[in-house]
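Each of the next two complexes has subunit A plus one other chain: subunit B in the first, subunit C in the second.
Coming up: the complex of A and B.
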């Protein structure tokens, strides 16, 4: 009798472990179910609660959802890539803001191509500084990117004083990318689809991607196998800077008014999207596809909270709790860090 | 040998501070008692944040949410003081800070998620809570409290400096002399060895984070004493406190260092700002220079830790 119970418990235990492993290997499948569940509850529970009638899934709603999820998913790519090596990029939001602001203020002075090039250049510079600090000096990525973010904010404020009178210009094609629609879908997808394919290809089929996984799983072993980690970190954080700058440019086209705080509020949701998408903050495990679904989930939650007239503070606190809860669950289920 | 070296580091910092004070005096010959007073007042919130951070770093963790806890405590005190006296409001705020710190520590112990991730998440949670308590800057501060940090009772020793020293000593000296202090250092230097020697690792961590929370609450109180209103958006105290802790000779990773070094380091970092301001540098450029100095200090700390681990 007791023997059977032990056996059953062992079976159950094994089932749980297996389920955990399944989740770890395919985080996208349960996430998509969760997303669908959220969308359904949005229309059948939240909408009737506020407006008294059930909503209908419209093309316009989907379009809006995808449109605002794109810059979030791009910033989440920064977090996924850096988290693969057990890092994080907390300067991504500020880099995006800087790219947008620099582009909008330089465009009337030196033309659009030059402005875009300089904006992306800013991302590369911040990324290289991050990579130097993390890869060569070995500062913890969290502290390092926080520090460069602080310095970059100071630089932006000084820069703003020089261009305060020049006026701003948001390049035409960015507005087209940010706000236009083609057959019911946002034009941002023209940038995002190739970008997403590139990141997925980079992570899965290139040596660079494998190096990221190797460094995150066991840095010591990777080094013993001859990986020059500082070169990888330098390239990784520079890439993260470029991605953040691109996301900032796209966001500029969407919002159309540059400000000194433009993309900063996207930073926390981008970390949350990556964590929800099954990327481990401790390195070695992660998927960009999951992060994309994570970004969509966060957008749906956000629209729900807006509809429920939840105050800003509750929203920030909730995102923080989501990060903590999901990380704790992963530690519990997979039994590993 | 170790004790000598540790003291040498603090002595070196004091020497550096003296040199910087002389430099300030050379740039601005009129720099005197009032200059010292404003320096000490500006250092108040930084000193408390740094002291709190130092305790959690000694126990082997890091508290990224310290600036957010300060914001929550600041707005809570500012709101409470509208309806009640200064003394109960301060007491409630200190208790609240301790509670928030204990929640941080408890979550770290219970979830087994590393400190850095838990406190990163709690950074946002507490920031949200601060916004929920007070959406825009407001509230009021008892005038008696505000006058506490003005002027100098003893010539050339600003009251703000006395407040820093007395408040931190009241929290830290009894702890350091007790069993808890020993446990904090033990857990920080080797968690497993501490556990095998019968130290309750979990409770020690919770206590350390709670102490940091109390100190952060003092930081929040000092913030509203400086400005007169509660401000829900956290200030730039996180990086500054980490930099001061590293400069103060507390190793990231735990087990070594005290609270005196980091507090001297706070004054060094503050006086750099004073010197730049006196030298007529643009305040925004000052922010950049300050950021670069802090990042450089943290880098230096990382290099030292890395070397120490290799040998």
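Coming up: the complex of A and C.
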């Protein structure tokens, strides 16, 4: 009898382990469940609490959710890609801000195409410096991107002094992309969908993607196989810079007023979205699909907290607490970091 | 208890220790009398380092006892062992690099005056107490470690490969000083691979094999033969060497090393490796074989000598350059070669994506074919789908070899490929290596298990103390011969 029970428990244990493994290999599935759970509790718990009646899932609400999640998910792509190699890109936020500011201030002077090109060029330059520091000089990515981020912040302020008088112009198509809607969905998806497909393809089906996983998993093994890691780091951080610049341009179209702080507050949430999405900060494991869901989750939580009219301080603190809880839960389920 | 044991300074009896299912020690004992220098000997994997850790209190034994001066020593930690009178000097310097000499002495409560005295006695001049440890050469650090140990006036001094990094004049001084310590009534445990030093210094030898003490003998002329015999014992049968046609080396060597040097360990390594040949490398631990393989695989630059690949001078700044010349490397530590949480396929296919022009879309069909072939060839058990870390050690090792099989093998550098894997997998690896050679590959095969040499190799070069001391034909390479050569004994004969 007891023997059978032990056997059954062992079987169950094995089943649990297998379930954990399945979740670890497919982190998106529990995340989507969590997202749905959040949305439901938003409409059936939070809304009644504030307004006295349950809300309804409206196209407008969904549109807003997705719209604001897009730039966050794009910056999260920077974090996912760099985290795959056990790195991080802390300059992504300021790069996005610079791209937006430079584009808005240069557009009246040299025209939109030139301004956009220069804005993206700024991202490439910061990225190349990051890649050089990380890949060639071997500075820790955390320090390197923090340093370039600060330098870039300083440069932006100097730049602002020179262009203060020229006035700003937000390119028309960015406004369309940032605020427009097509069949009820934000136009930002026209940029984001191809972008997301490209990143997913890059990570899974290209040699470059393989090398990102390889460097994060075991850099020595990669070297042994003939991989020159500095090339990969240079390309990776340059790519991350371009993505951040694109995210900044899109965000400019959404907010329509460039400032010196524009996208900076998105930086830490982008790291959080990547981590919640199942990307390991120790490298070798990560998923962009997870980060997209992570970004959506963060947006829903933010909406809920706003609706609850919490004071700003409590909101931020609770935000941090929820991130920690979700991550802890995730680690518990999947047994991975 | 016998009289000898009561007088013994150190008396370890029946020591056993297991790590999980692995029994590292089953019945090890060691006795050190006052005024005696005892050599502790054993081949790779005999349990020597575990035994040393137990004696010095770094590990707790499962069974058995360690007595120091007849008192059951409370050997709970290295610090307690030190207090009870046993002071070890390890192969790796134990001084803290970012402090100066004086601070290091203070940390260990070492009296300064005796320390100065012994440093001078051991032949280091001009040492100032405010020298930073990090700025001092390795040889000096080892002497400082020894001087510090002697200044503590221990009952038993334990020296682990004390002379390994020392120039000859310092070796002489060390041997003289250690002998002097014994003559004052201290006991010394001397661990070394060098028979000449053991002959000169030691009174007796204790030999470990497969976790037990198999012999205590007096050091006298001819003792080394007996020691070698004891160390070898009876081994697990790894299968017969396949009858094969003797391989004739003709034409140009694939790989040719001349006077290869890597400061400070490797001084003079020369050999020729021909296509179609499996050339064994035989060496005790730390004789410079690691450095030689690192140079050949592009992880390190040689400091002297030349290397030719297919008759052309070669020098590698990065493994990618070695791979471009066809030199592919399987390291001894699987953890160095594998991406643990990635799939078998990704691990095997890693070199495909290495170069810049292969960063684009993966060539799925080509990759599947090559990887599939390697998996089939090596009979890698892929039932545990997914991550490589879920495979057994043997299967993991096959993945590291399979990587180069899929890539294409010209010159394969195998560094102890059978370390720590099961006998069945070992038996699969030897014929595979032979087959690769028959297909025209050149294989350099370092192994820490001597009985593998006649099974897998055509010839073997023996490296001792950073130099090639012998080249032995596989037909004559019985373990006795190899072991003697590996301990530098053949060379000693030539010298005397």
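By definition in this document, the second predicted complex is superposed on the first by the 295 of 337 C-alpha atoms of A that agree within 3 Å, B and C clash if a C-alpha of one lies under 4 Å from a C-alpha of the other, contacts with A are read in each partner's own complex, and residues count from 1 in each chain.
Assume contacts are C-beta pairs under 8 Å (C-beta built on N, C-alpha and C of every residue); 3 or more make two chains touch, one makes a residue touch a chain.
If you're wondering where the values come from, they're calculated on a predicted model, not measured in any experiment.
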Which of subunit B and subunit C A:256 touches, first, second, both or neither: neither
First, second, both or neither for A:318, with subunit B first and subunit C second: first
Partner chain(s) touched by A:158 [first = subunit B, second = subunit C, both, neither]: first
Which superposed partner A:208 touches (first subunit B, second subunit C, both, neither): second
Contacts of A:218 with subunit B and subunit C, given as first, second, both or neither: second
Partner with the higher number of touched subunit A residues, subunit C or subunit B: B
Contacts of A:147 with subunit B and subunit C, given as first, second, both or neither: first
Touching partner for A:181 - first (subunit B), second (subunit C), both, neither: neither
Residues of subunit A that lie at the interface with subunit B and also at the interface with subunit C: none
Subunit A partner contacts - residues on subunit B that touch it in the complex: 64, 107, 111-114, 116-118, 120-133, 135, 232, 236, 238-239, 242, 252, 282, 284-285, 287-288, 291-292, 294-295, 298-299, 302-303, 306
Subunit A to subunit C touching residues, read off their complex: 21, 25, 205-208, 210-211, 213-214, 217-218, 220-228, 231, 235, 284-285
In the complex with subunit A, residue positions of subunit C that touch it: 297, 299, 318-320, 323-324, 329, 331, 335-342, 346-347, 349-356, 358-362, 386, 403
Touching residues (chain side subunit A, partner subunit B) in the complex: 133, 137-140, 142-144, 146-148, 150-151, 153-155, 157-158, 161, 268, 271, 281-282, 311-321, 323-324, 327-328, 331-332, 337
